[in-house]
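There are structures below to look over.
Okay, so chain A shows up in both of these, paired with chain B first and chain C after.
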Partner chain A sequence: MKNNIRVERAIKNITQAELAGLIDVSRQTINTIESNKYVPSTILALKIARVFKKPVEEIFMLEEGD
Partner chain B sequence: MKQNLLFPSYFRYIGWVLAVPGLVLGYFFEFENFTFKFLGDGRQSLFFGNGNYTDELAITLITIGLFLVCFSANKSEDERSQSIFRKALYRSVFVATVLTLFLFIVSLVPVAPKGLFILILYFFLYQPIIFVAFFNYFLYFKHNPLKDTPPLQHKYFHVLGLFILAVCVLIRIIYACINFVNEDFLVAVYYAAAVGLLLLVFSKERIENAIVNEHRSGAMQLAVYIASIIFLIATWVVYGIDYLSYMYFYPLYLLGIYAVIFQYKLYNDRKQTQDIIALT
Partner chain C sequence: MKPQFLFPTWCRWLGLALFLVHLPVMHIWGIYNIHSDPKDTDMFSTGHLFFILTVVLMVSGLFLIAFSRERIEDEQIYQLRLSSLRWAIFANYAVLIIGLIFTTNKADYKDILRLNLWVPLVFFILLFRYKIFRLNRSLGKEEEYEK
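After this line comes the complex of A and B, so read on.
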């Protein structure tokens, strides 16, 4: 699975730490999600999408082999 | 998100403050014959009942200290660290049990050094330290929650484990009935039972899903709590050869408690499902 979080963060001009604070997770978790090392739960994905005011499918995309 | 029952994060430091002196004391007691004179007269071996409480103190400090270290929360707890906690706990019990069983088998080999046998007593030490290693590895390197599966994937491990366990129980019952006394044989039977239990506990269930995984980790956490408390109480209440068995067979009763709790949770689920079906 891939995601656009880094791009969306740049658009919204917030750091990983700020995003982490908004959804109540650690900065490290945001880092591992962005670098595709960790797959967030549904709830966390929905929270992230809500921060960027976009549908969740525009933030997280399935890849071949998922 | 399922919450783990954890201590506040500063308990981690309290844990190390207890555990490290405990480890040092334990080393000096075991290998340098050191004792605190105010804790009793004379050095008496753990094996023959005790007039001195230095070893009890060491084990208590280590057990409580490492327990606090393992079961205290991260500075910032979130779903990822919770999921890593469950995974690290589950795998640490597996690795620690395999290590203990491996050391036991190696110590049986005639050419093994005599001191090796004593290493199988330290499961209460291996499991938390392996947990800390796994936890930090998953936290700082790689952790994929979707690949959170039992270590033994092939379904026949389940059957093999049950078979070995059944044979051991049978042998134990026969042993109790006949006029044959051999401590080493009994220990071998118990360790064989531990192998069977290991295969049983760490293999796939017939039905695998997220709920079963949650039950698995909940059961493992509870089992480690209960087994630690049993071990701690035994440290002060049981002496001599009897206490040795609590050290020897720690993985056995830990896995046994886990299996009971886990199967009970699964049974509860099935019962609830049947009740719902009966109502509709």
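After this line comes the complex of A and C, so read on.
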């Protein structure tokens, strides 16, 4: 699974730490999601989508082989 | 995330203190060579009190260290906790099975029990801490990259 949280963050101009604070997770978690090392739960994905006011599919996409 | 049942964060330090306290008590036990007499079933005999002081202090200390809440307890930490716990159980049973195979002297079975007291907890704590350390290190690298 890919995601464009980094891009969305740049558009909204917030840091990893600020995003982490908004959805009650650690900065490490945002960092590992951005670098595709950790797949968030549906709850977390929906929370992230809510922060960026976009549907989940625009932030998280399936990859070949998923 | 729904809150999981874990001890408050400060319990980690309490656990560490209990664990450290058990070390000198253990030494005193060793120096004075206090043994609990198997026939002595009194709850307040010296041997049994020392046994409680050492073993119970150690186990409750390790238990508190292992199951106290992280500063930010999110789903990734929860996942790390779970996978560390799985490996700790694997390690524990590996040690247990190997111990049972190679222990032919029946009197040594007590040592297997003693090993079983701390192997899962210690293994879990070390693995969990190492995983968190690796997670934090990856964050450090990322910061350098962003600069």
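The definition used in the following text is that the second predicted complex is superposed on the first by the 66 of 66 C-alpha atoms of A that agree within 3 Å, B and C clash if a C-alpha of one lies under 4 Å from a C-alpha of the other, contacts with A are read in each partner's own complex, and residues count from 1 in each chain.
In this text, a residue touches a chain if its C-beta (ideal position, glycine included) is under 8 Å from a C-beta of that chain, and two chains touch if they have at least 3 such contacts.
Every value quoted in this text rests on a predicted model; they were computed, and no experiment measured them.
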item: Chain B versus chain C as contact partner of A:17, first or second or both or neither; value: neither
item: Contacts of A:7 with chain B and chain C, given as first, second, both or neither; value: neither
item: Touching partner for A:31 - first (chain B), second (chain C), both, neither; value: second
item: Partner chain(s) touched by A:61 [first = chain B, second = chain C, both, neither]; value: neither
item: Set intersection of chain A contacts, chain C complex versus chain B complex; value: 24-26, 28-29, 32, 37-38, 40-41, 43-44
item: Touch list for chain A against partner chain B, complex; value: 24-26, 28-29, 32, 37-41, 43-44
item: Residue ranges of chain B in contact with chain A within the complex; value: 1, 74, 76, 78-81, 139, 142-146
item: Contact footprint of chain A on chain C as seen in their complex; value: 1, 72, 74-77, 135-136, 138-139, 142
item: Touching residues (chain side chain A, partner chain C) in the complex; value: 24-29, 31-32, 35, 37-38, 40-41, 43-44
